[in-house]
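Both of the next two complexes hold subunit A, though its partner changes from subunit B to subunit C.
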Partner chain A sequence: MTKSRSRRITAIIRYTVLTIWAIVAFFPIYWMISTSFKIDTQWFAWPPVYFPDPPTLSNYLNVWLGAQEYASTQYAISSQTPLVSLLNSTIIATTSTLLAVVFGAVIAYGVSRYKILSEARMFQLLMLRMIPPIVVVAPLSLYYSALGLLDTMFGLILIYFLTNLPYAVWMTKSFIDEVPREIEQAAEILGASRWRTIFEVVLPLIRSGLVATFLFILILTWSEYLLALILSKTNVATLPVELSKYQGTTEGKVYGRQAALAVGITVPLMIVGLIIRKHLARGFSFGMVRR
Partner chain B sequence: MAVATAPPARVAPRHSAREISRSRALNRFKWSIRAPLILLFSLVLTPVLLLQLYFSFHEWTVYLGSWWEAEFVGIDLFKEVLTDERFGWAIVRSLGFAMGSTIGCFVIGFALAYLMYEPFRGSAIYYIIFILPMLTVPIVVAYTAEMLLYQSGPVNDVISRLLGVDFKPAWLTDPKVAMPAVTLLEIWNWTPFSFIIMLAGLSSIPREPIEAAQILGASRWRIFWEVQLPLLRPVILLALVLRFLEAMAEFPKTWALFQGGPGSSTETIPVYIFLTTWQYFQISKGAALSYVAMILMVVIVLLAIQLLRREKRALDAMYSSKTEAAD
Partner chain C sequence: MARIELCDLNKSFGSVRAVKDINITIEDGEFVVFVGPSGCGKTTTLRMIAGFEDPTSGEIRIDGRIVNDLEPRDRGLGMVFQSHALFPHKSIAQNIEFGLRMKDVPAPERIQRVREVAEMMHITHLLDKMPAQCSGGESQRVALARTLVTNPSTFLLDEPLSSLDAKLRRELRAECGRLQEELKRTFIFVTHDQEEAMTLADRIVVMRSGEIEQVGSPMDIYSEPISYFVADFFGSPSMNLVAGEVVGDTDVVRFRSTHFDFALPEHFKKSKRGAATFGIRPEHVGVAFGGKGEIELPVRLVEPLGKDTLLYFDDGTERAFIAVSEGLEMADVKSGARITLSFDPRRLYLFDADGRRIGAATQF
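Then we have the complex of A and B:
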């Protein structure tokens, strides 16, 4: 009897604590979503409005499509439509991530099977990721402007490719390490070259791992702010940079518009994150912690 | 696992022509991967670091002429930076912020993971909700925080209603609470990181020692302190070190929410470097600041890597013994 009773108490404590944190974790996200459906008088109201009443789509129509009939003059933002930034973000993030994962997987294969980088070198690679980018971003922008790469897609793709490479190498290596060598040896005996072995035997075997790596790095690149802010000005602004333009452009608080944009930036990211939720621990720990 | 980690036996006793061509092919293969890697990093990194060095020793701002004709000033800039009280405070603030948020994330994340590592009904839902903050773009976190934290905003309103008292800290305008506000935000944003790492750790440590202790009648508390915690040491250190490093680099939230203010109360190292370079346009001072910050970070990162290398071995040993046991 006492045992089942103590078990019930444990369960009550567990659900209480977890539910409290779930509310704390979800409330800001709920607030962002609900604000995006509020009319302008409820963005900044006192007492705060917890449920949009009546819910409106005008924020979305105004922000994403630039619908003028919905843009009350006071809150209209004179900037390009974020659809351009959405396109920029998509192209930059997917291209740089894809390059990083493919090249990273090849390096990882070399490290895993032929030790082309020593353990010390592998950690040096990691260092490139661990040093905050702010300490090199000023000379980088001067270097970029000298090369004509400032405010170009290629420039951003190049820098994201480099900064994501360490993650790609480490994460794919943890997947390749789990593949038994015998399969490749069989392929080699059958006369396949090393490159063929990599692309036709090893990489297909870790397909799901590669997808997880790709999506994981996509999340990081999609949300990156500092490099995008400095290295792009007007031509290739990404979504986070576009969002930050809403700050300081007007006197009034345009919370509803910001929230509509923020939802559009964040929701795809959450979906991607939830798809690879089982691999997030491995990703964030550079493949050192697995499930 | 053991096969994969053993060095490949390439050295044959007899060096036949075939062996030699084989080892040549292998070498070519190795260098065809190494070469582009080295080339890429040296083409981007070397000029950047040289430029950084140049600006640290030459006084230049965007208002002067061409940067390559800037005046050589020796170590004056470093003297200025190292005696700059604001920079000193920025370092202190960054370290405090990183430590505070790391500990906060870790304590909450570990507690949640501990409550969740044994399966129970509804755990999948909790897991999904708990990782959402981590999947929110940092700049979005900052703007959402602004919508939540203004003085008569929803956060103060909810807390006031729950406590039944008037709870009205001016999160966004009071210099005393601005830094704690960013720290809390960072904890909200990145607790999921500690949570998923600790959850993965807790569910992958071997079960046998825990079961043995249970049979011997040890209490949950003693099992936690004397069995689970020592086994988790590598995972714990990893979660702390990686989070600390990320927190030292935090920029988007601090910047978007406060731009260093109110006063200079949220000037962390990245924010101060950003202000100096892109608001005051003191490129040279910014470069010298960056150099000092970089040296500081290199020291910290080297220490961290030393630690990570040791713990990674412990982790690899744990996973390989697990797979062997499974075979």
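Then we have the complex of A and C:
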């Protein structure tokens, strides 16, 4: 077999696999978007309806604005408006993620430069995060009720901050490891204190990495369901909790409404991703950054 | 003002003894060059002076004050790193300004000082660029400027030129020399390039596996090397070194090896007999057709360089025996021709089996 032919075959195989993967990965997303624009008769239609006809905004108006004229009795959902949940989710996710990244970076600095934690300790830290949340959620809810943290915004921020801190430490440490010692030492001998070196030299240098870490943890927090479900009741329901209320309620399966809500949950993350995409490419390939 | 004293300085990394019992005083305003092969502890010594490494034992004094426990930023030193270590996210102007900002110098004065230093280093056109847009030579100038602006008492330079090409190196080398003359500051310069050491230094410190081998002016080091190691390290082309033995009774003393057998000058009479290495620099080997001399060798290769001609002789070893002849007199010699060589008796060195110099001719 000639070289160019074998290369063609490899290319064909590669693109076939990638195409299949892309279809598998994107179809649910397509289905979600498509369903959100369907009228109620097409939600369960068989054969399936691929393109909403006619497309309608009623699902969005009903779910997000609680527009009464669209709240046909059959599908009325008796819960708070999702805009409040959106606000809750935004505050909880961004605050806890920001805290995790900032504290994580500072701890990671200590680990990278002063070895405040050994390799084994670092690994144990990550192991902690690998415990399935369902295992600890029951005792946790007992603590929370005793401490009065149940169904409070602070309680959720705290638990997300704590559970994501290990990720933040691990990820930011790998970026800090890449910063040459000499650059820090140059700052030091030019008169910078340790903190000024961290905030003026190290953190700006790894900002792409920080942004990547931020997005990674934001996604985890934004879509976290179990802890939010158990540790909140009604005051601070987050979007995933809100979304679940559309499933298996007495009103039946309201797919169109649910899809409209799901799109609304996905879009903010996509916007964040788009805004910081320049950093993402660099952040996830930090090792290749020119020194 | 800065007089730097290193007293019994030691540094170990685990079981590796990187620096062993270093003792030296560097006077104020002196240009001292630490030189030695890779891994001999130059950087470690410099980093201990800067405060980035804690000595395992020993003392560092600056102007008589022990600074072992002082943070790098409180030692009043400036350092230029081999990798330049510019801040990649700051413009050149911000890089230079950094040290002033850390010392809370007010903004108008900072701008003024940055401009002055940039002019001094000929980098005003770079001020708005980012480090990634600068060439190696430009980066090095910026690194010097960044240190210069803080007005340190001493400049520590760790192989600042090693990443540059030959021409730039010479250019920046001259710049370093000029800078030191203008500023009259103490300079401690680390390099493994003997030529850099010879041209820049007031005093050279030759290091070898963590120890100081010899300290002296470039001329001392060149003409009175205390050991085989130093003799071999300095000079280009390097010194001819031939292994053999010193033989003879009380009256005559000769050097003998497979290809050499000649009478040594008078002052070696009392030297120890036995295994030894004979050394002579290429420019101290006299060449003539026929005539008087110590030995006759066949020419292997002739290399006319214009001002001088290099003659490579076959002495039975891998490393040719080299002689430098002035002008092009010898340029037409064919390889294989036998030429008589004479050795300047005052410039002839012997090293014992341990590489120590025998019968150092201090009387000359």
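Here is the rule we use: the second predicted complex is superposed on the first by the 253 of 291 C-alpha atoms of A that agree within 3 Å, B and C clash if a C-alpha of one lies under 4 Å from a C-alpha of the other, contacts with A are read in each partner's own complex, and residues count from 1 in each chain.
The rule is short, and it goes like this: a contact is a pair of C-beta atoms (placed from the backbone, for glycine too) under 8 Å apart; a residue touches a chain by one contact, two chains touch by 3 or more.
Every value quoted in this text rests on a predicted model; they were computed, and no experiment measured them.
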item: Subunit B versus subunit C as contact partner of A:Phe44, first or second or both or neither; value: first
item: Touched partner set for A:Ile9, first subunit B, second subunit C, both or neither; value: neither
item: Subunit B versus subunit C as contact partner of A:Ala192, first or second or both or neither; value: second
item: First, second, both or neither for A:Pro180, with subunit B first and subunit C second; value: both
item: Of subunit C and subunit B, partner touching more subunit A residues; value: B
item: Partner chain(s) touched by A:Tyr225 [first = subunit B, second = subunit C, both, neither]; value: first
item: Subunit B and subunit C contact sites that coincide on subunit A, given as residue numbers; value: 180, 182, 290-291
item: Subunit A residues touching subunit C - in the complex, by the definition given at the top; value: 180, 182-183, 185-193, 196, 201, 204-205, 290-291
item: Parts of subunit C lying in touch with subunit A, wherever the complex brings them together; value: 50-52, 71-73, 75, 77-79, 81-83, 85-89, 98-99, 102-103, 132, 146-147, 150
item: Touch list for subunit B against partner subunit A, complex; value: 1, 3-5, 7-8, 25-26, 29-30, 33-34, 36-37, 40-41, 44-45, 47-49, 51-52, 55, 67, 108, 111-112, 115-116, 120, 122, 126-141, 143-148, 150, 152-154, 157-158, 188, 191-193, 196-197, 199-201, 203-204, 235, 238-239, 242, 245, 248-249, 251-252, 256, 269-270, 273-274, 277-278, 283, 286-287, 290-291, 293-294, 297-298, 301-302, 304-305, 308-309, 311-312, 315, 319
item: Touch list for subunit A against partner subunit B, complex; value: 11, 14-15, 17-18, 21-22, 24-29, 31-32, 35, 43-44, 46-48, 50, 103, 106-107, 110, 112-117, 119, 123, 126-128, 130-136, 138-140, 142-143, 158-159, 162, 177, 180-182, 194-195, 219, 222-223, 225-226, 230, 239-240, 243-244, 246-247, 255, 258-259, 262, 265-266, 269-270, 272-274, 277, 280-282, 284-286, 288-291
